[in-house]
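Please find the structures below.
In the two complexes below, chain A is the common chain; its partner is chain B in one and chain C in the other.
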Partner chain A sequence: MVMDKEIRAYLGMRHNLVGVKIDSEGEASKDKQPPQRMRFCQMVYEAAKGNSFEAEVEDYSCPNAIITLGYEEPVYVDIQPRINPAKTKVVKIGPLDELKDPDIVLAILNPKQVMEISSLLEGVEARFKGSMAVCGEGVAIPYTENRPNVTFLCGGARTFGDYKDSELVFGAPAETFAKMAEKIQNLSKTCAALCGCRTSDISPHIVKAFEKLGFEKGTDYFFGQVDGQKVRIYLNKDFGGRIKYVTIHIPIKGDVKVKEPMKAKKRGPWTDVSVTFTVGETLDIYTGKGLKEAVLDIVQKLRESK
Partner chain B sequence: MEYRYKDAIIINPLMRGGIVPKDVQERLFKEGWTEVGYTLCFDCIEGRSSLITKPPIKRHLEDVAKFFGGDVAEHTFGCRAAQYAVMKAAKEAAVERKLKKIVIADPNSHYSTNIAAEMAGLQVVEPPHTGYPEYKVTLEAYEEKIDAIGEPALVMATHADPYYGNISPVEELGKLCYEKEIPFLVNAAYTGGVMPINIKDIKADFLTLSAHKSMASLAPLGYLVTTYEWSKRVFAVSKAAPDWTGRGFGKKIPGLFGCSVGGLPLASSIMSFPLVKKRVKEWPEWEKKINAFIDKLEEIDDLMLLGERPHRHHLMHFETPVFWEISKHHRRRGFFLAEEMFRRGIVGLHKGLSKHVKLSIYGLTDEEIEKVVNAFEEIAAMKE
Partner chain C sequence: MKETEVLDIRGEKCPNTFVYTKIKLEDLAYSGGGILKVIVDYPPAVENIPRSLKTEKVSYKLLDVKKVDENTYELLIEAPSLKE
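Moving on, here comes the complex of A and B:
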């Protein structure tokens, strides 16, 4: 599966992504049932190494998973998190590239990789308490709440599941992983390049703010059209690399005379008309506040001066 | 596998200076230089391709050094490998002399300059350029940066930059670095072999060249030209020996990965070099042609040259809002421009870009140049 390769390559993952499918009908295929009773978290770790399982309620050695994965309802007190109502008959667990249509995908990661995922997803809210972890926090929460979660595992997983001290599990609906793969693909395609290299470090927040105003980023500056006039906006950096000024450029063919604060500089057949503003004084590059008004004002003044 | 661009007019600025002359292409095949990857290595006696005398690689490297005003030249796996060798040597010298492990490099430098620095363990610090629309690199900005840094390991300038085709103030910089005793590298990947440059005239310690970009050669091949003062360090031979066999590699140059290209690219460069020497003398004519071409292109709608003018290099970067406008309504979006050019037998524009184009007409015939102008005119007329 392309998604599996994209994500593993991007994160530098040792293990396979693991797909989990919760079936409320049917039976486990005999050749995929675990050879002896196992913990769910153990099966997940085995799946991460390439093995597939189909487990019915009798296949578990850990009673918590039977509740959290929705095979049975709790008897005396409620247990959370869990798949509710309990209708599960079979849970299929396997490497993502082998399991069709998983409900939940699990990734065994180190903290840095979780950080990278959270950056891709623009934030992940984690809820964990150190018990019923891979089954509850990794599967039941994403399944019932349709959102990603991070689990720091539980004593059972750490003791019996073979998980390393440095490993965590990230669980999310399959669509979340599909979105991640798409983002990764886009990242690899779009680095605003003339020859495969990024040509400026203008932050995405600034680019978005300018796009909202109808300006598109070129190499290291913005293009737009205001009141019928093509306008370029360049963000000038100071000696230390901080964006300090915003210069609005309107190159015009031929000779043009302008009044302050506009400046005109002859360059071949062009007259470069420009106005420079100090960032933060009258306009905000992070929100675009004041920018359109400033550009419009200059365009109109320029028109009057012609 | 199919080469789709045979007989097309190439306008990619990275490629124009590297076009291999037809007679050299024929010789390479007729004389059998394409038979094996090591065609130059049969008579290697000393264990390094740069020392081979049959064919005359050693003499060729002496010619290259002399032509560019240096004392010693070695051929490399592309210009980037030459830059890496310099950065490595500069870093070692900086450690010995307790200088900052910093290279001050122009902000329009090629990515390979930055990768070479990264590999060698040098941090790149940039003097600011002048910004839109000229993006000039000035001596003053370098001076200010050198003063701020103190004692950098190296100062480097890209002679003609790969973004705008601006020429760096290398003569003034060379003088400054000479006075301050800072090693100075000029990357002439886009100029050496096209326009005159002489390492002694500009007081540089190192000149890096790209044979496939500017010396009518096949890739990958570069040259590093330096002085006797630096050659001992930058071309220092291997001193290491593994513990068990005790073997030695005394002719190999670690900074150049031991021994460099011994096949087709070098053969092509040796064959093309007489032409390269000759064509550099014709550069003033090309400068005129290029500026005339810019004038013609700027007559088309709102096409506008970015970078310095008069333009002093064949790489031209035009801002092309008219093509961007067309792309917004075209089913092929930004790809339409390169595809429309290809339909007219012209290749080399970066696919997918329409707000900007980089191109070169260096080495094209007048008819071909006219065809390029006409193509741009026709495509601009597609505007609704």
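Moving on, here comes the complex of A and C:
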């Protein structure tokens, strides 16, 4: 799944993202039931390492998860957080790229990675008390309140779950992770407009293609003139290290109004106009095919808009 | 009948609440059986001690669960004799 790859690469995660699906009907596949009773938090850590589980109520060694995940109602005292009413029959837990339509996604992170996520989401509220943590604070709260939460785990998870002291769990509805992946992609594009990857790392074939078009190599961009207009071209790699975006950047003196897909940003007396293309759609950076035409098209459109 | 033994584990959380309860119940069972009163102030323990007892090989019997005050609960559990 692209979402999993993109988020993990952005955060520099060592574990898989873990998908959790709460099913109120059906049975667990026999081949995916845990071989012996396990804690939910243990299954999550195992899923982060690549294993998948389908758990029914008798598969748990920790009774807290039975209540928080909504398999059974509490008998003597109400317990929160929990999935209420208790209708759960099976909980599926597995690496995100293997589990279809998860309700909740969990990420095992360090504090710096949580900081990165909270920046992306413009804030994350954390409610935790060191009790019923991965199951309650990591799954039941996001599931019932439809919002992300951060848990610092509980004694059970720390003792039996194999979690490191530096690790905590971020849980959120699957849609939140989809939004995060989208933001990461946009960030990558926006970044291309502001700074490029170092041109010293770029293949000589690409450099030659730009030189043939009359561009020179700067530190992190190519520069030249097209139809009398100064132009900078930035190349940006995706998180897998491939050059994915080309951003054409044209500084214009004064105010300019532009239409999508062009973007304009004021910088003192200047307006920075930029357009980002995905490599391969209309541009071939190895041959330069389509590049000059794209730049000319933008320059002309800017002239017309003046 | 032996005197009821008391295990006051207020301040403890899971998984310690069940671990301490289990150790005490085993002691009781191997010394002739008896009744244990467990005092807890962690509400999830009131739910998970009885559930965890059901998964034990030894047949412990939950006799009563009582709320003493806002946060304190007492669980009365009978341990059979395992003394040879």
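Rule of thumb we're sticking to: the second predicted complex is superposed on the first by the 193 of 306 C-alpha atoms of A that agree within 3 Å, B and C clash if a C-alpha of one lies under 4 Å from a C-alpha of the other, contacts with A are read in each partner's own complex, and residues count from 1 in each chain.
As a convention for this text, a contact is a pair of C-beta atoms (placed from the backbone, for glycine too) under 8 Å apart; a residue touches a chain by one contact, two chains touch by 3 or more.
Keep in mind it's a predicted model, so treat the numbers as computed, not measured.
By the touch criterion stated above, A:62 is placed in contact with chain C alone, chain B being left untouched. Once the two complexes are laid over each other on the shared chain, residue contacts for A:218 go to chain B alone; chain C is not touched.
Of the residues of chain A, not a single one touches chain B in one of the two structures and chain C in the other.
Interface of chain C with chain A (complex): residues 13-16, 42-44, 46-48, 50-52, 55, 65, 67, 73. Chain A makes touch with chain B in their complex at residues 194-197, 199, 216, 218-221, 223, 230, 232, 234, 236-237, 239, 247, 249, 251, 253, 267-270, 272. The residues of chain B lying in touch with chain A in their complex are 14, 111, 128, 131-134, 144, 148, 162-163, 294-295, 298, 302, 304-305, 309, 319, 321, 324, 350, 353, 355-356, 358.
Residues 37, 61-64, 66-67, 74-79, 130-132, 154-156, 159-160 of chain A are the ones that touch chain C when the two sit in their complex.
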